[in-house]
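Here's the structure we're looking at; comments come further down.
For reference, chains read A, B, C and D in written order, and residue numbers begin at 1 within each chain.
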């Protein structure tokens, strides 16, 4: 790694510096576009008491779900959880804390963190439990809730292709939370299916500019499907 | 125009409904990526007392500058103006009002308007004239200014290619303010260099999804250059 | 007779207009896409970042990178676009989606809706529902008029934790099409063969019945 | 002797580190790119939405869709990226740019900077300067130490409308390299042949001079 080249040599190096008690922002929606191998590496390090900010928490045995196996997660900040039994068990046993956050607010909190916006107003959640203890204010006669940005010690994201500088493109619906997550980490680690040379990607078609990416690694992906729905051909 | 097809038949139709006193959000940076022909159409309609939200106000005889010729503009909301003599004259004569807004705040105000965020906090401008009369608040020990979103009766933008549904791609640095402006109009009008059929643009490379675009028209563009800087070949 | 799930979807589909961008929630709302009349072109929005969502894929078309907000594999129609979750909810929150259809546990006569959480049961989360109800001006809520025990779901005041406040104006149940005006339910249409009396008796909130209430037309 | 504009740029370039993303303002800051040492790879950010800005184009390469924040035609280097103004300022405001270099009319010992407006003259606007000074942790301000009339630009308190408050910590002038600590200017380096006395006499604000002040090294 020198100059603008963000490529690291191993998954160990990719997640170096991760410590107990840290906050991790993760891209992905369900099992789609998740940084599978970075999650596996987090499991391998055995760090504990993590706060994980991610729309979902994977399933039993895959995705963020595997971090529950050794009780590495203290708290999840998510919009929708509980697709796995282990999650339910740990939640009911009081071993796991969940901060439910509306999906759009969650995406915007990540973007705001990356964009230097400490807080923003949204109508989402006004008058609900989500708004309890939060400031509210009227604009043009409508009440809004003040939501604060959320930054991670690490952000882990998955893209399709990136050049060595970290300029990245996502494929289809695997984009989802990844672009915002990529901006919200003090250290942003990206794994991709293919690393290309600078100049190979069209300059005006980059989803995540390399300035947000600190470490880049190429991996192989299982890409498990959560709900395989098909029609007869 | 039927279904999701946004294509209109003429520039008259494209700007139909524009009235005196309306607010227009315009894309473009300097003379790059400006909706040249939509601006010309606004001049042709002769509407007056416009508030125009745009990073700049064109030059004498081109871009938004031509709307000054018949004194159609009451107020400019911009980050940088005065590249034209007419502008200076009308400003000094008190015929034109200017609300200077930091460039990043201006871009974010447009985005916020489109995104249902009535206001956001930014450190930009804290302790300066820009912050006068605005709410301020500390987050993590740093003071921030509350900035409100800015919505237009019309938004006028220029893209490179769009399909008939208004899914659009910008070319190179002609992107600039256009994507945010496109989201911030009650009626968003887009002009492009080329209209293609739905399905011709790559689905994961769309800059402005068609949902933001109400009217679409194909035009021809002069694309004047403001500062032609070259090196010997 | 009470409407089937398919018939509820059929009635909702009548509210879809040409050129609409529509977000359909999970369950009955998803069925609405099957009943959109010929000659009407709409684009389906999915919260995870899709416009122009199409049918399920064939076995050959299945792509792990191509799912909808229900995490189901899907395809796209021509003229589709894909974008980030932030952009998706900018659209939703900013009021750009023309029609949102979603289910609920309870709706009250103030237009409050409860749809994501039953205390005591496992809380899975609100997903995008809170953003959807806060962002859309045009929402249709679909549900059965009463639960399996006969308890009304159209209440004077919601008892469950809210998804949104004062945001629902239109409800299609298995018994009726109901609007909310000035803090009251207003009966607009009856399911074929269902009496006004039955509807009123199964509505716990205040229900205004003015004039003759027509039967729904289901082609 | 006082530094030339080129020499100021040369001194600033010494602060650029390998792998930096750098935003260079108009004027002297632009010249900095000419003095970045060999073996150091940087990416230039331009507010209108560019990373990896390159040289001016040849006549053949000129493209009206390819300009920088100064509205000049430019080219891109390999590994460049283009994005919207909102994304560009997300980067700037969010502190992702490693170094920002910009000019000023005045800087005071609290780190306040005035750079966009002289009352009585035509106000052209702050462009992206207010976002840049608020967003960057690492800013170098370049200017002449005093104006043509000999009036110091390093003041106890800025007199012109501010671009930003308490955001400048480092200044390179034609006479000196100065830092700001605890509400005071601190003299770090002298231009070759310029005396500490001259610098202090041309500094209206409080200037701390501790120990021997070395001359700048300009290769």
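Assume a residue touches a chain if its C-beta (ideal position, glycine included) is under 8 Å from a C-beta of that chain, and two chains touch if they have at least 3 such contacts.
Quick caveat, the model's predicted, so the values are computed rather than measured.
Between the Cα centres of subunit A and subunit B there is a gap of 32 Å. Subunit B and subunit C have CA centres that are 35 Å apart. Centres computed as Cα averages put subunit A at a distance of 29 Å from subunit C.
Residue numbers of subunit C whose C-beta contacts span two or more other chains: 82-83, 89, 92-93, 134-135.
In subunit B, the residues touching two or more other chains are 108, 111, 115-117, 122-123, 171-172, 175, 203-204. An unclassified topology is adopted by the chain contact network, corresponding to no line, ring, star or complete arrangement. Chain pairs that touch one another: A-B, A-C, A-D, B-C, B-D. Those residues of subunit D lying in contact with subunit B across their complex are 47-50, 55-60, 62-68, 70-74, 82-86, 88-89, 92-93, 112, 122-131, 134-135, 161-166. Residue ranges on subunit A touching subunit B, taken from their complex, read 108, 112, 115-123, 137, 139-140, 142, 144, 148, 169-172, 175, 203-205.
Contacts from subunit A toward subunit C in the complex involve residues 29-33, 55, 78-82, 88, 91-92, 98, 100, 102-108, 110-111, 122-130, 160, 171-180, 207, 223-233. Across the complex, subunit B meets subunit C through its residues 2-5, 111, 113-117, 163-165, 167, 183, 197-199, 203-204, 206, 209-212.
Across the complex, subunit B is touched by residues 18-19, 21, 40-43, 45, 51-52, 76-83, 87, 89-97, 134-135 of subunit C.
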